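Each of the next two complexes has chain A plus one other chain: chain B in the first, chain C in the second.
For the complex of A and B:
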């Protein structure tokens, strides 16, 4: 493969004295193909073999549509919440010095490290009507556990580190001179932040939003405990896949999964475009 | 308590004047908002895991952990991690070697493919193996004829875990090794080392902390994975139940103390992971790619 140039001067690989290219690339590609690509291709093939009419019937089934709406809707709301609070957290971690900053910084990664099922039962217990937070919200008429609001809470937990860890390094890189220049030219602090700093952070914030959103759409473990899982109301798309599988309705499970995959890949593409665009713009 | 940054990072933020910092009142508000948010969303869930686990005292906690089904779930989780983490470790090193040490066409596309499992729902990561090996698949009848059991057994659980933890080690090593370049390896080779010697004595010492970092995160996810494993496991008590699945079963049986007792072990694992990760970042931050915001 590396020795057959398609045209004069075209090389698959630049020359190098370092050995092991064939071995490592060959192993990586074989492993990638076996573990990831063949199984995913199998899903898409299976979905394609359904035929358009069947696929469309599943895709437009009211329960499927509702589940997708709930998954995408709650993921967007949670990602928006995380954009606001995640950016504030990132700002504080970079710009302010306070006792325990290191611990707070480390804690931000907790949702990455804590198994989702553990997060699920912990959040459910907190927000249940008799839970620590739930019993405070009850008199206000706010129900969190077993409602779509509960899904949002779980997805906020899951998505927070994505926003903080995307925005934080960009805040660290901000050149203090830019702020000084803005201040010298008469901008007050709020103008400096909204007109000078935030536009520079925007690509990172958008990327963080997209990552948190993509993760939230597919999230399962932390959501199913708190959601109540009422069809048409608080049933997320990944759960509907599991339900269809348990009913041995492989066609429906496959169709819903491919719709979700298609949407996730579109997201991935958008993330990559944003990143390359921001790299060009902000170098 | 919140003074503008002046002393701890003098080179960078030496001028902490009012013009380039928020007013004290704004600072206090921002910090209160952030701390309240973190307390509600991060600290309280963690605290409640341990309070619930010990809510009836130590004895029920231990009884639940000593239950044979719990012990078998712990054993299975350890086995699954012990197989899937080394697999992804070898892959991560191989992929990073090929991608970081050589220039070839389609590299960016390959990196995108490696990241793919991150953007696939865990449930779908399990579903793909059900479709591949299930009784209605092409392989299904053949597997059955030869008595090979993959689904609803340990091999399926391992495969699903390998799928979801696939990118962790590679993702950490690729940027790190790209940054390190090929100079050290070329020097070793020109001095007469062979390929393996170069890897063992030159490359590996350069990447060891990054490798450990990737393995740490990979292991945390492998032991904690729920969605993908749930789809392929079959939930056979004492046989194909991992710790996170056992948490679900106990919780749904209204055995809150039992569920939180097992959950507290997993939360403990998460805390140990975070501590080790932070120590690695503090001590070897320069040798890790992840701390530089690639």
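For the complex of A and C:
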């Protein structure tokens, strides 16, 4: 494992002899500043104009808290579901040859390309109480559309490709000999998967989780159609922001956005820490 | 544990990788499967391990037919060319893996597994590396860990697939000697695959020479080198020179001249003469010998290799001379092989 020792103070890693370092770094910084940093700074500035007491009042308002809970809760659940099924889909696509494999492979990318509103409308039609799937679930007492469950389903749809596309290349790299070695040592299939294969995939799975989660937290288009948007029940934070905007309450909108930003940042930081830890371990 | 391979045939799709191969391996023996790539040696090893199933034929472990037993049940130790270590596990966890996955009743305690790992690390001469990860080891060290891992399950047979193939020459030689020592201390029945004849001849009790899915010859290093049974073995093991000859009246002829070698058990007709380039006698006058014009001369380590053109057909053969030999200066050399064999031309 070649980990560079902790560097004393701030120093650029010696660039390669091939020129271009200064130019590309400068371009990247300018680009990131224009596209990401300035807008985010503006957001924080705007919400700062609110004053601490008002900010706190908005942050602790029950409607805001519920909306954030729903947004982050459903995103986590959906990302977890995607981790399981996305990994299985990736496994099937890499390991097996079956008619239509390439079509399935291409289909995985559809949620990337489809306008999310279209996905939301389609899912709503299917899962509404009188929809194709909804009317089958109704007698079982399961209500999907217009509940948090519906949000989860929309987010699963949106997040699937993130997990599949991050895990797939790593599965392709798995050496068949490693599985054979486990088998000759007496491990059954389940032990081989749980002790040998999955730990190797862990860093990629965590990345896929982070991407699917981040996408889910910010998702708007598909969710608002299926969620029903009942305050305190199925109203997501991005929608609440839009509602505040429509009320010309820009301060409240930016305040909620700042809170989302902070929470997302914290969660992604934690995920990244887990990841660097697991990379260090599993190198 | 004795291993008996009986009339095994293996086809991949419809391509036959092994044709009707039979082999008896004695308990405690160290056997090399030697052959060029595509000769089926790795396939044979994988069949013994259970990583492939034979299309036809049986494989016996002792008296039991193991042909259709699963890999897990066969209890073989397998070492891969590229180590196949579990890179997210420490060295100790790698070695202990085979014991850890045993069902509860036969699984040793954690402390016992740890103790076994330490013991095996000492055996493979890597003490103190328990907590390293495979990525932190050199190639030679990784292969030692792989062997320790294979031995941890107390296998009936140890199978090694080109174990030193990915290592550089010096480490190879070192590990070769080391493997022999390990084998002599532990006494496992061991089969290894190699395409390196030096490795096979030096290390193995018996060498199995394979070509195109068939066993050409089984024997000790002396057997296969001194008494090759087929043209392939003669050509594959050690250096050899060949010359097309004609058998007539129990004599060998090259371009209508007798070369002073007589043979009794070969029918008349075209044949090929095989000999080792260094096993030749140089002659002054040629009354029944092979004589040719020197077309090239090269210094190779401690000897000089001379290429000769023989007879009207200008067949080229190579012989080896001592460095200081005066014949190297001559434009024409006459010689007669000291040891040789004739195989009828196919």
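Keep in mind that, in the parts below, the second predicted complex is superposed on the first by the 230 of 283 C-alpha atoms of A that agree within 3 Å, B and C clash if a C-alpha of one lies under 4 Å from a C-alpha of the other, contacts with A are read in each partner's own complex, and residues count from 1 in each chain.
We adopt the following convention: a contact is a pair of C-beta atoms (placed from the backbone, for glycine too) under 8 Å apart; a residue touches a chain by one contact, two chains touch by 3 or more.
Bear in mind the structure is a predicted one, so any value in this text is a computation, not a measurement.
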First, second, both or neither for A:265, with chain B first and chain C second: first
A:70 touches, of chain B and chain C: first, second, both or neither? neither
A:180 touches, of chain B and chain C: first, second, both or neither? both
Touched chain A residues, chain B compared with chain C: B
Shared chain A surface residues [contacts with chain B and with chain C]: 180, 183-184
Interface residues, chain C side, partner chain A - complex: 49-51, 71-72, 74-78, 80, 82, 84-89, 97-98, 100-102, 133, 135-136, 146, 149-150, 152-153
Residue ranges of chain A touching chain C (in the complex, touch as defined): 1, 175, 177-178, 180-188, 191, 195-196, 199-200, 202, 281-283
Complex interface listing, chain B residues touching chain A: 1-5, 8, 12-13, 15, 17-23, 26-27, 30-31, 33-35, 37-38, 40-46, 48-49, 52, 90-91, 94-95, 97-98, 101-105, 110, 112-117, 119-124, 127-132, 134, 136-137, 159, 162-163, 166, 182, 185-186, 189-190, 194-195, 198-199, 217, 220, 223-227, 230-231, 243-245, 247-248, 251, 256, 259-260, 263, 266-267, 269-271, 273-275, 277-278, 282, 292-293
Chain A to chain B touching residues, read off their complex: 2, 12-14, 16-21, 23-25, 27-29, 31-32, 35-40, 42-43, 46, 85, 88-89, 91-92, 95-99, 102, 104-119, 121-123, 125-126, 132-133, 156-157, 160, 165, 168-170, 172-173, 176, 179-180, 183-184, 189, 192, 214, 217-221, 225, 237-239, 241-242, 245, 250, 253-254, 257, 260-261, 264-265, 267-268, 272
